[in-house]
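Look at the two complexes coming up: subunit A is in both, with subunit B in one and subunit C in the other.
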Partner chain A sequence: MNRNRIIFGIGVLAFVSVIATVRLGGFLVDNEYRQPDRQVAAQEEQGEAELTPRQQGIADEQAADEAEARARPYEEAEYRTVSFVGSRVTVWVLAQLHLLFAAFVLAVPLFAFIIEFVGYVKKEERYNKLAYEFTKLLSVSFSMTATFGAFLTFGLIILYPKFTNYLMHIFSPTFLPYVLLFFLEALFLYSYYYGWGKFGPKMHLFLGFMLNIVGTAIMFIANAWLTFMMSPGRRDDVDGDGVPDFVSAVSESGALLSLRDAFFNFTWMPINIHRIIANVAFGGSIAAAYAAFRYLQAKTDEEKAHFDWMGYVGNFVAIIAFLPLPFAGYYLAAEIYAFSQTLGIQMMGGTFSWLFVIQAALIGNLFLGANYYLWLGMGRMEGGVHFQKFIKWLLIAIALCFAVWATPRYAISSVSEIAAMGGSSHPQLSYLGQMSAKNTAVNILILSTYMSFLLYRRTGRQSVHPHRQLLTRAQAIVFSSAAALVTFYGVYGYFVDSATRIRFAIPQVYSVLAALVVITVIDLPLYRNARQSGETKWGKVPAISQYALIFIALSFTWLMGLMGYVRSGLRQEWHVYGVVLDTSPDAYTPSLGFATQVVSVTVLIFFGLIGVVFWLSSLGGKKDWEPKAVADGDGRLEGGQAA
Partner chain B sequence: MWGLNLPVVLALAAIGGVLAWRRANTLVWLLYTGGALWAFFRFGFAVPIPQSVATIYLGITGLALVCYASSSRERLSETIQPIQRLILEPRYRLALAGLLVALPALAAYNVYADLTVPLEAPGFGREVHPPPPTEMTVHDETIDMATAENPYLHYKHDDPELYAEHLENGRRVYYENCFWCHGDGMGGDGMFAHGLNPVPSNFNDVGTLPILQSSFVQWRIAKGAPGLPASGTPWDSAMPAWEKFLTNEEMWDVNLFIYDFNGYEPRALGQH
Partner chain C sequence: MKLSVPMPLRLVLLVLGTTAFYMYLGQIVPQREAHPPPPVLISAEMTTEDLVAVGAELASGKGQCLVGCHTVGQSGPLRYPDLDGIGARAATQIEGLSGLEYLAQSLYEPAAFIVPGFADGMQPIDQPPISLSEDEMKAVIAWLQSLGGTPTVTLDTELGY
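Here is the complex of A and B:
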């Protein structure tokens, strides 16, 4: 039987089933039980039938409801509720989905523009093609961002009307610039995308540049709204005593004193910096996941080679942006602590500190996944066996650092375990839960990842530089010195007071950053015009590497959701910290388990939707639809072709 | 030594040595590493490590081993080939049969072990650094924890004589009430300290007073252990709620004194 007929038949059957169910329901209601009362029967015959008790009850209820509705005076609602999931979870999920798409839409133009610029400078068409491939993801994602933005706005207006009204009182002057910038972003985004190849390269790059400027400006405005909720004021040395003072943007009753102070508030710039970097890392990972998706679908070697390269570039962007992210996060956390010790202690020592153990596990996964992808990538190159022997030692270093980073200072323990340990901390392992160990672990993780990248870069290549031995040794000395310095400060930190220990983080970070810069500066001339011992076979990487890319994207998304919850949840019972109290039924801190479940479901929804974006974006490369050729009786196809 | 269970550690190292001597293949090394680390986390410490931490470590170990086994085509092939031979070659049929019995038996034992865990009271986690409330009321006076400062601190510059009076009053309050636990020199080593768990705060430590605003210290003085948030319990601290015994001025004075005695300034709002 024809497949279309089967589908049509199922549709008809479903329709008939619905009609039959409705009819059956109606029949059952019409034929409900009635008393076999002769008097009722007689009244019915005379057309004076009384209502059944059920009908009477319904009529009374309706009358009572109507009377109550007419008597009720109009009141401004403070909150409205959503059954089953609740108002908070509804707004939480909508905000998170909006943010994830927005982060993606802001990040992709950033590196698409850079890749296009590199292609323009190097005069290589493949970069242009790659940048276009990234940009393809933007138009649908932009619509998704706007859709969830509208959802979120409606959600806030409907469910939190009083609070939303308050935010409007503070920030209404920023709304018009926001809308205008959004309009401009749409203009630049679509002209950048549809204008690919239609404008000259300089004009097109200008469009990409403006798209990034406008997108960043939009984010900065939205960041002011959300950071105001956490820190409604700015820091300034008002009395000139050299000690910063807190300048509140609102009066004690919440009335706006200064829009400037509300906008440029305490945590505004730390969030801006953190989000720009995190967006690039997240966007790169999602774009790499798209490439992985297309790689796994690819039929031809050419397609596989293209998407393998795209995945590599996306992941490279993600990891490069990811490396400074812990430092940006540290800056943000320090500023939150500086604004309010209550928020700071709540975050790092209170309930929310447990989420940082999960964060450590996720970041460890990201490092492991990124290194794993690089190791698998060595399989692309002929002559890659040489460096395989180092993988074991890199893996040991990474796993050890991962374990140290994920070790909690105070473990979740049963009563018997606590009794055995003599407290909540283990006599040996608790040393690993301290800041000295964790700072050392993260710095060594960064160094190890960089080492994996260096090995990958050298696979199948031989330097022809006249001083190659000297330069390679210099690199080894710089690398070892940085690792030794980080380890020294890590161990020495146990023998000094806490204030000195905290300051050790700075030389640790600087030594690692300096090592990365110096080694890169040496590496560039060292491997310029290097002799290729074998060809790089893009598209010949094992398929499992593509799943690693998807895993990295998933971990990034989960991490963003989790840390976003920490930042937002810190306010606890406040809509605007210290100013507008949350008096809704949801004004309690949910359990960590529940919070992680909400984040997980949101991530799943996001990946479902981004799957749609991937699919829609991939349609452009498919063949156009053509009507099926039907053979006629003479064995000839319509159009005169022989069957 | 180092809190390790040496016989277990040496036995695991010896097995590793034998495998190295016999040049064991990749699969055997992977199985050994996973098993040895499991045994090390389970039995390798004199004081056993909590199950929650062991689970984190084993998760990382498992992930790392999978990554290693599949990190190149050659290594994956080295790992899989012995398994293929075990399944396909007739000479391993007995070993295969043994494995087919052992694996479900291991799973069954695991289920049995999970279901027969001895009953015990649920574990608890407490916050070691409980966050202060956003405001507190002491003797009908409401203090905003974010912005409040010691009201007498400014006398240090504005009126040194008055400042000295408040300090002297703080000294009196301290040596009448606090030194029993916090010690003559405020090192947290007073005469009662050895009987307390957790031990009294050491105010000499640069990691205590300088990183706190004076409002936090005032909160701890006024509300003591009974005023800790629920998340900070169970808390066996013996710190009394001094608001029941002292006036606001006396508490701010002793607050002033402990900072001054140790040569510290309270952390100011907006200071890192």
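Here is the complex of A and C:
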């Protein structure tokens, strides 16, 4: 039987079932017990028609409810609840979904604009097409962001009215600029999208530039609201002793002292930086997942080549943004420590310490997935075999670093195991759980991934630079020096006190950052006008590479959800840390197990919705609908065409 | 016969499998709900011994003293000074300050004196987010005095803050 007929039949059956159920309900109500007709008629004549028992019951309930409502004085609600799910989980899921879509909508224009600009400079149309392909995802995602933003706002007003009112007391002057900027963002976004090919390249690039400026400004305003909740004040050296002091933006009772201090609060800029980088990494991974989805659907070699390239670019963007992300995270964590040691200790050594073991697993998977994709990608280029001998060493380095980073300081052990180990920490392995080892592992991970990228970049190309040997050796020396310095500080950290050990993270970070910059600066002229030793066969990669891209996007999304939990959960029982106490039944930090369940559900909802976005975005490439041609008895098609 | 799984099903399995794996990781680590510290009642008739007991409770609860910051009786790399013996040491830490005055200063103005070898970082615990009341501060000081010394604080003791 034709599938369409089955679907139609199911629809008809469902419709008939609904009608039948309504009719049956109506029949039962109409035939409930009534007084005999003659008695009712007599009562009706006297104006005393008796109600059926059911009607009487309903009327009594209504009267009781009304009486209760009249007797109850009006009270300002502090909290309201949602049955089954709870108010906190409701707001949590809505906020996370809003943030995920917002991150995507802010990130895609950023790299679409850069790709378009590269295409404009290089005069290559394929970049322009690629940028447009990325931008196609924005329209529906923007609506999703706005929808979940509205859900979140109503959720806060309904479920946390008193706290929301307090935030309005502090930040109401920022609301109008926010709305105006949102309007401008819609204007620039839709003119950027629909104006593709309608404006000159410079004008169109200007629209893209403005879209990014406005989008970033919106994020900065929203970040002020949320960071105020964590650090309600700024840092300044008030007493002139050279040590920054905390200047509260509100009085002890919570009254606003300075909107400027509330807005430009302690953790505002660290969050801004962290979010911009994380958004780009996340947006790149989701765009790469879209390309993978389209690649797996593609029927022609041309389509496969296009979406393979798109996936590569999306993943490239994600990795490039991902490499400095741990540094931005370190800066944010250091600022949280600087603001409040209590918050910092809570984060790294208290309730949330085990969360970072899960974070390590996620980031390790991201590095593995990104490297795996790059290694598979070498197969699409002739001459890739030359570099594949390095892959096993990179894999060993990455796996070792992953293992070190995921090693907890304190093991989950039974009583007998604790007795055997002489404590809750393993006598040898617990050394790997310390900050020295973890900082070293993540820095080597970053260096290794960058090395994978360099190998990929060189596959199928031969430098023609006159000093290629010297420059390549210089790169090797820089790379080895950075790795040696990172390892040195990692080992030396075990022989110094904690205050000194924490400071060792800074030279580790700077040496890796410097190595990345120097190696890149050398690599650009080294491979400029390089001789192509082989052709890049876009579209000729194993399908599993595309699943790897989707896995990376999933891991990024999950990671964002997890880090959202720790950022918000750090405040513990405070709505605004140290100022507004949470007195609701949810005023406790949920367990990690519960949090990961909420994060997982959120990720599944997001991927369900992003699947809709992908599907809607892919409709543009499909053929227009045409009525089916039906042959008549003379073998002619409707419309006069000959069969 | 080669079993072929359709692409949409593979995608669904990948999404569900990856999410389930990460969720499983969240279930196997130690689970703890962090509840706000319970209120501690201090009544006017409490003796010094009573205050020591209340102070011990505050140190590991609302005061957050022993929650990842200070330790009692530990050695090795420490984040902040170990408190073992502080009751006896307090009187000799700063010249001109009695033990009681030193302990009060370290709670109300922790940045006034940093023990050599350690970094500044403690916040005044009479202020938010810890916000101990004056009576609660006295209880904590009584507990600190009891660590290697003789507690003397009562609710009538003037702390000078």
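Brief remarks on what is shown
Following the convention adopted for this analysis, the second predicted complex is superposed on the first by the 584 of 643 C-alpha atoms of A that agree within 3 Å, B and C clash if a C-alpha of one lies under 4 Å from a C-alpha of the other, contacts with A are read in each partner's own complex, and residues count from 1 in each chain.
The rule is short, and it goes like this: a residue touches a chain if its C-beta (ideal position, glycine included) is under 8 Å from a C-beta of that chain, and two chains touch if they have at least 3 such contacts.
Computed from a predicted structure; not experimentally measured.
Overlap between subunit B and subunit C is detected when the two structures are superposed via subunit A.
Counting the residues of subunit A touched by each of subunit B and subunit C gives the higher count for B. In the superposition on chain A, contact of A:L259 is made with neither subunit B nor subunit C.
Once the two complexes are laid over each other on the shared chain, residue contacts for A:L471 go to neither subunit B nor subunit C.
Applying the stated contact rule after C-alpha superposition, one finds that A:A361 touches each of subunit B and subunit C.
Once the two complexes are laid over each other on the shared chain, residue contacts for A:I345 go to subunit B and to subunit C alike.
Of the two partner chains, subunit C is the only one that A:S555 touches; subunit B does not reach it.
After overlaying the two complexes on the shared chain, residue contacts for A:G578 are found with subunit B and with subunit C alike.
By the touch criterion stated above, A:I391 is placed in contact with subunit B alone, subunit C being left untouched.
In the superposition on chain A, contact of A:P590 is made with subunit C only, not with subunit B.
Of the two partner chains placed by the overlay, neither subunit B nor subunit C lies in contact with A:L184. Only one of the stretches 3-11, 75-83 or 237-245 belonging to subunit B overlaps subunit C in the superposed arrangement, and that stretch is 237-245.
Subunit A uses residues 243, 337, 340-342, 345-346, 349-351, 354, 361, 412, 497-499, 574, 577-578 to touch subunit B in one structure and subunit C in the other. The residues of subunit A lying in touch with subunit B in their complex are 235, 243-246, 266, 334-335, 337-343, 345-346, 348-351, 353-354, 361, 364-365, 368, 371-372, 375-376, 378-379, 384-385, 388, 391-392, 395, 398-399, 402-403, 406-418, 420-422, 424, 426-429, 497-500, 542, 544, 574, 577-578.
Listed in rising order, the residues of subunit C touching subunit A in the complex are 7, 10-11, 14-16, 18-20, 22-23, 25-36, 64, 67-69, 77-79, 117-123, 127-131.
Residues 243, 252, 293, 296-297, 337, 340-342, 345-346, 349-351, 354, 357-358, 361-362, 412, 497-499, 501, 547, 550-551, 554-555, 558, 572-574, 577-579, 587-593, 595-597, 599-600, 603-604, 607 of subunit A are the ones touching subunit C in the complex. The touching residues of subunit B, counted against subunit A in their complex, run 2-3, 45, 47-53, 56-57, 59-61, 63-64, 67-68, 70-76, 120-123, 125-134, 144-147, 205-207, 210-213, 215-216, 231, 267-272.
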